[in-house]
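There are two complexes below, and they share chain A, which is joined by chain B in the first and by chain C in the second.
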Partner chain A sequence: MSVLRTAGGFSLAYRPRGLAVGAGCAVLALVAAVFAIGSGSGDYPMSFGQVLRTLLGTGDPADEFIVNDVRLPRVATALLVGAALAVAGAVFQSVVRNPLGSPDVLGFTQGAATGALTVIVVFGGGSLALASGAVVGGLATGLLIYALAWRQGVHGYRLVLIGIGITAILTGVNGYLLTRAQITDAARAVLWITGSLDGRGWDDAMPLLVAMAVLLPVVLIGCARALHMLEMGDDAAFALGVRVERTRLTVLAAAVLLVSFGAAAAGPVAFVALTAPQLARRLTKSPGPNLLPSLCVGAALLVTADLAAQRVFADRQLPVGVVTGVLGGGYLVWLLATERKAGRI
Partner chain B sequence: MTGTDTGTGTDMGAGTDMGAGAAERTPDRAAPAHPQGRGAVRLRGEGLTLGYGQRTITEALDVAVPDQSFTVIVGPNACGKSTLLRALSRMLKPSAGAVLLDGTDISTLPPKRVARALGLLPQSSIAPDGITVADLVARGRYPHQGLLRQWSREDERIVDESMAATGVADLADRLVEELSGGQRQRVWIAMALAQQTPLLLLDEPTTYLDIAHQIEVLDLCARLHEEGRTVVAVLHDLNHAARYATHLIAMREGAVVAEGDPAEVVTAQLVEGVFGLPCRVIEDPESGTPLVVPAARRVR
Partner chain C sequence: MTLVSLTKSPRAEADPTDPPPPAARPPGSGRHARRAAGLAGALLLLLVICALSLAVGAKPLSVGQAWSGLTDSASAEYTVVHEMRLPRTLLGLMTGVALGLAGGVMQALTRNPLGDPGLLGINAGAAAAVVSAISFLGITGFTGYVWFALAGAAAVSVLVYVVGGGRGATPARLALAGAALNAALFSYVNAVQLLDTASLDRMRFWTVGSLAGAHGDTVLRVAPFMAVGVVLAFALARPLNALALGDDSAQALGARPARARAGSMIAVTLLCGAATAACGPIVFVGLMVPHMVRTLTGPDMRWMLPYCAVLAPVLLLGADVFGRVVARPSELQVGIVTAVLGGPFFLYFVRRRKVARA
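For the complex of A and B:
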């Protein structure tokens, strides 16, 4: 731990390694973002210089359209969704004290999908309605899980098991909704459910950006230190003067909202919320929720995954959820195998 | 003369040869370490009714923790001793009555302010994965810190002192999960110490430790008490309680059965009454405090 002290008795504690990981991933994310803007799906390659010039507003008009209206919103959405999901995952894993207590596993993303599918199938709404549906679905799932699992305090495995049950139910509901859908709606729904950044515009990114501008300070500045204390158990945190219930409700509500808005923007992108905090923790090697490093890892992860999804197969683009699903699923299996060796799970 | 020379409650006359021992012991016993006696009381419970959900554990309980005492709460399993400690540390909200800290209802005080006056070592604390000893102890400074005052020089000094006082300074950079049970318990105590509270509450600090580590932890508590802190502990072992406490509170079925100087309180009658254990009470040859020796199983 290092400290920055100023005159007047102010001091700021930070971990150099955590900071380095965060900065490294932020740089990686930005480089990948610029690269993604430059190459896109490969149809209209631009040089690095062209991209930078266009971003600074001195490019030619054709470049400007491609960059500002097509590729930049997509990349921005990827960065934001990755960051939002990662922070939400870090919060959940910290509160549940279990890597499996991540929003993917607990059914929040499925809940958001149910909300969005209902909008697509029943109301046939546009992208704003779809996003609202996802947010409502995510929040409703949060309330349901709270009612079923949270009242008597957090018991990690109980929560995970109830979450798995709810995920299964919601998957069934989603399947049913798909069978009821018109063929065109179904195609749109399936693409959304897999998690896709295809054709994302600014109106997809803006609601998420606003939500993050409000929620991230609440979590990162308002609750991060109390969240550290909570990891030692409710009693120990309480003994240190943490308002346990208030802190927990605040961060969880914020996390559910982040996941829901993230899913609203890009669909329930698989496993980022699970993977990013775990990667961040292994990189920083420090205890605690690692919120800021997780955020940067998540952003980098989703931008690179989207880049890969566009570039790996020359003749077809994959939804980004396929890539994160394969990577994240593989990572989860690896995690379970090694943790088992370490005797933790 | 106190009642310590009474027999075991069996008719075997086991108690009759104890009179001499008890007579010797009382004058031998060192004077209580708090000459100021029952004067000031910062922490007390008044009319406490405590329970979990529908189950009531104690009713209208009055209890006071004498300042500068090493108060130990003893009693059989499920007598409410941990429940009482949880209430005293504001972990459990009483359904009636109140815990008063310096005369104010503790539940109305800001949590951080309470945490600067009253430290607690809970029974179940989780050391986060991959945390070092120094980092864990540093978390004890939380109630003294804020968003713009995250780590002052004073914090640093107090953490160093706390680790030195508990003998874990050499372990500062080790991972908590690598330590032995006794070392780990000292680290947790160091964290509570770093809180710098005049009152320190410990919930069964010796549980799961072997005998040597139990004594090590209790010696540490005794030293913290001698340095001027008020220490309150729940202990399972009556003999440890009798040896270390300056003020003993014996509970049974949610009520305080006896309290006071262990030399006066710990009698065979009391032990039989509280624990239902026939025994003799002799003088501890090491410390001169009461020593409970359970009656041997009689074979016909």
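For the complex of A and C:
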């Protein structure tokens, strides 16, 4: 922990390693983004210089169309979704004090999936309706879980168990909706549940960008310190002047909104919310929620995963959720094996 | 009908009506007589549900018609009953027995009230293995993929036990580890389905857990695995009772903890793997039934397991019949009914009990 002092008597405490990790991952994410724009999903290769020139507004018109209307929105969506899911995951893991307590496991993404599936199967709506369905479903599930877990405050483990129960119910409901669908709708629904960035435009990225512009300051500036203190236990945090229940409600609401909007943009991409905060924590080697490093790691993770999903198999493009699901599942098993020895799971 | 006797005979073997040694009997109580009477009542209930399962469906039959369909090969209902209702009922019966016993054994083994094979990801492990077999190796028949289901169930149950058997493991932690595994396995299943639309069409009905596809030969082929699992589970009743006292006391009482644990894992794997291969992953049956039974019998496994084996199929067949009635003319798959009805039970249980203590 280092402290920066200004002449006026102000001071700012920061962790150099955390900052370095955050900056490193942000650079990695941007480089991967530029690389993804350059080679991208298409058959129109562009050099690194060409991409940079086009981004700065001095490229030729053909390049501009490819970059600004096709590849940039996709990459921007990937960066934003990765960042949103990662911050939400960091918040959840911090509140339930368990590395496995990510929104994938606790039913919030299942809720978003139920909302989206209802739109696809029952109403047959387009992409805007689908996105709204996901947001509504995620929010409703969040409210339900919070209400059921409430008993003179929300204890982390009650939240976990209620979330698991709700997940199991919603998995049943989602399975039912899938069996009711026509096979084409079912294929579309499974693609959405897995999470895919194919054909994402600015319409998908903008709502998420707005939501993040509002929510991230609330979490990162408003609640990060309180969240850090909450990890020491409710009593200690209360003694240090944290309004325990209000903080918890605020960060959970923000995290649920982030997950819902993220899922609305690209589907509930599996395990980004679980792995990104854990990777960030291992890189920074510092306790606490590690919100900012998680954000950068998440963005880098999703952009790289999308790049890999497009290029690993030459003949076919995979949805990004397949890559994160398989990698995240492997990481989860490793996490179970190692964290158990340390007694944290 | 040989099948019914096959699944029932082990129950008779371990039948608790033969009196335990007098020393074990609490003095001056008619508890055993009451429990035996309760078991008889539960069996009667099971018979009623079986009859209902034969009679209720897209073509409703009266009980008399169902009976004549069952016994009289010349009757009009013979085909309906023998081709569709009977295999379905038998499969539901066997799956129910398997899931109930697996839940009871798992809860005793992990000493954890949330030890449900569905919740801990064991059924999902079997499902993931079967889906891989269908999609990558082109295996279709039950005999082909039952081995994959067993391997998947075995892998996950070992993993869950390693994670959940440690000293620091609390119910919530074990449930969380299981839920995370479930999420990973289902995302894998989704990914496989996505790559192959043809298999999605087949698998989306299987992955919700359904008895609708039951055939006579599925029933015949799944029976041996379940029979071995059932016999093993009943044989484990005493060692598990001893294990409940802790390893040291169990050893002093003559039980071998390592052997009992290994046996339990094998039993759970056989029961869950075969059940999942036959009708897809089904959650909450293994959770609910042992808890309900425990309020009736107390913690003695020698009574608990037989009760589980009788009441779990009552629940499963009841859910199946309910699913046939509620969404006429189509039907709700049994896995969906148990998830949607079992979920609230789980929530109630979690809120009521202090399992949430970390």
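The working rule: the second predicted complex is superposed on the first by the 336 of 345 C-alpha atoms of A that agree within 3 Å, B and C clash if a C-alpha of one lies under 4 Å from a C-alpha of the other, contacts with A are read in each partner's own complex, and residues count from 1 in each chain.
In this section, a contact is a pair of C-beta atoms (placed from the backbone, for glycine too) under 8 Å apart; a residue touches a chain by one contact, two chains touch by 3 or more.
Keep in mind that this is a model prediction, so the values were computed, not measured.
Look at chain A after the overlay: chain B and chain C fit there side by side. The partner that reaches more residues of chain A, of the two candidates chain B and chain C, is C.
In the superposition on chain A, A:G325 makes contact with chain C only, while chain B stays out of contact range. Shared-chain residue A:V160: touches chain C; no touch with chain B. Once chain A of one complex is fitted onto chain A of the other, the partner contacts of A:Q310 are absent, as it touches neither chain B nor chain C.
When the two structures are aligned on the shared chain, A:T179 is found in touch with chain C, with no touch to chain B. Once both structures are fitted onto chain A, a short way to say it is that chain B and chain C open up an angle of 80° at chain A, using Cα centres and rounding to the nearest 10. By the touch criterion defined above, A:T118 lies against neither chain B nor chain C after alignment on the C-alpha atoms of chain A.
Judged by the touch definition given at the top, the superposed model places A:T141 against neither chain B nor chain C.
When both complexes are overlaid on chain A, the residue A:V3 reaches chain B alone and has no touch with chain C. With the two structures overlaid on their shared chain A, chain B and chain C come no closer than 12 Å at the level of C-alpha atoms.
Residue overlap on chain A between the chain B contacts of one complex and the chain C contacts of the other covers 97. Partner chain B is touched in their complex by these residues of chain A: 1, 3, 5, 9-13, 97, 221, 225, 228-229, 231-233, 235-236, 238-243, 281, 285-288. Those residues of chain B lying in contact with chain A across their complex are 89-91, 110-116, 119-131, 135-136, 138-140, 142-143, 145, 147-153, 192, 195. Considering their complex, residues 114, 118-119, 159, 162-163, 166, 168, 170, 172-173, 175-177, 179-188, 190-191, 193-195, 197, 200-201, 204-205, 207-209, 283-284, 332-333, 335-336, 338-340, 342-344, 346-347, 350-351, 355-358 of chain C touch chain A.
Chain A makes touch with chain C in their complex at residues 97-98, 100-101, 104-106, 148, 151, 155-158, 160-162, 164-169, 171-173, 175-176, 178-179, 183, 186-187, 190-191, 193-194, 270-271, 274, 318-319, 321-322, 325-326, 328-329, 332-333, 336-337, 340, 343, 345.
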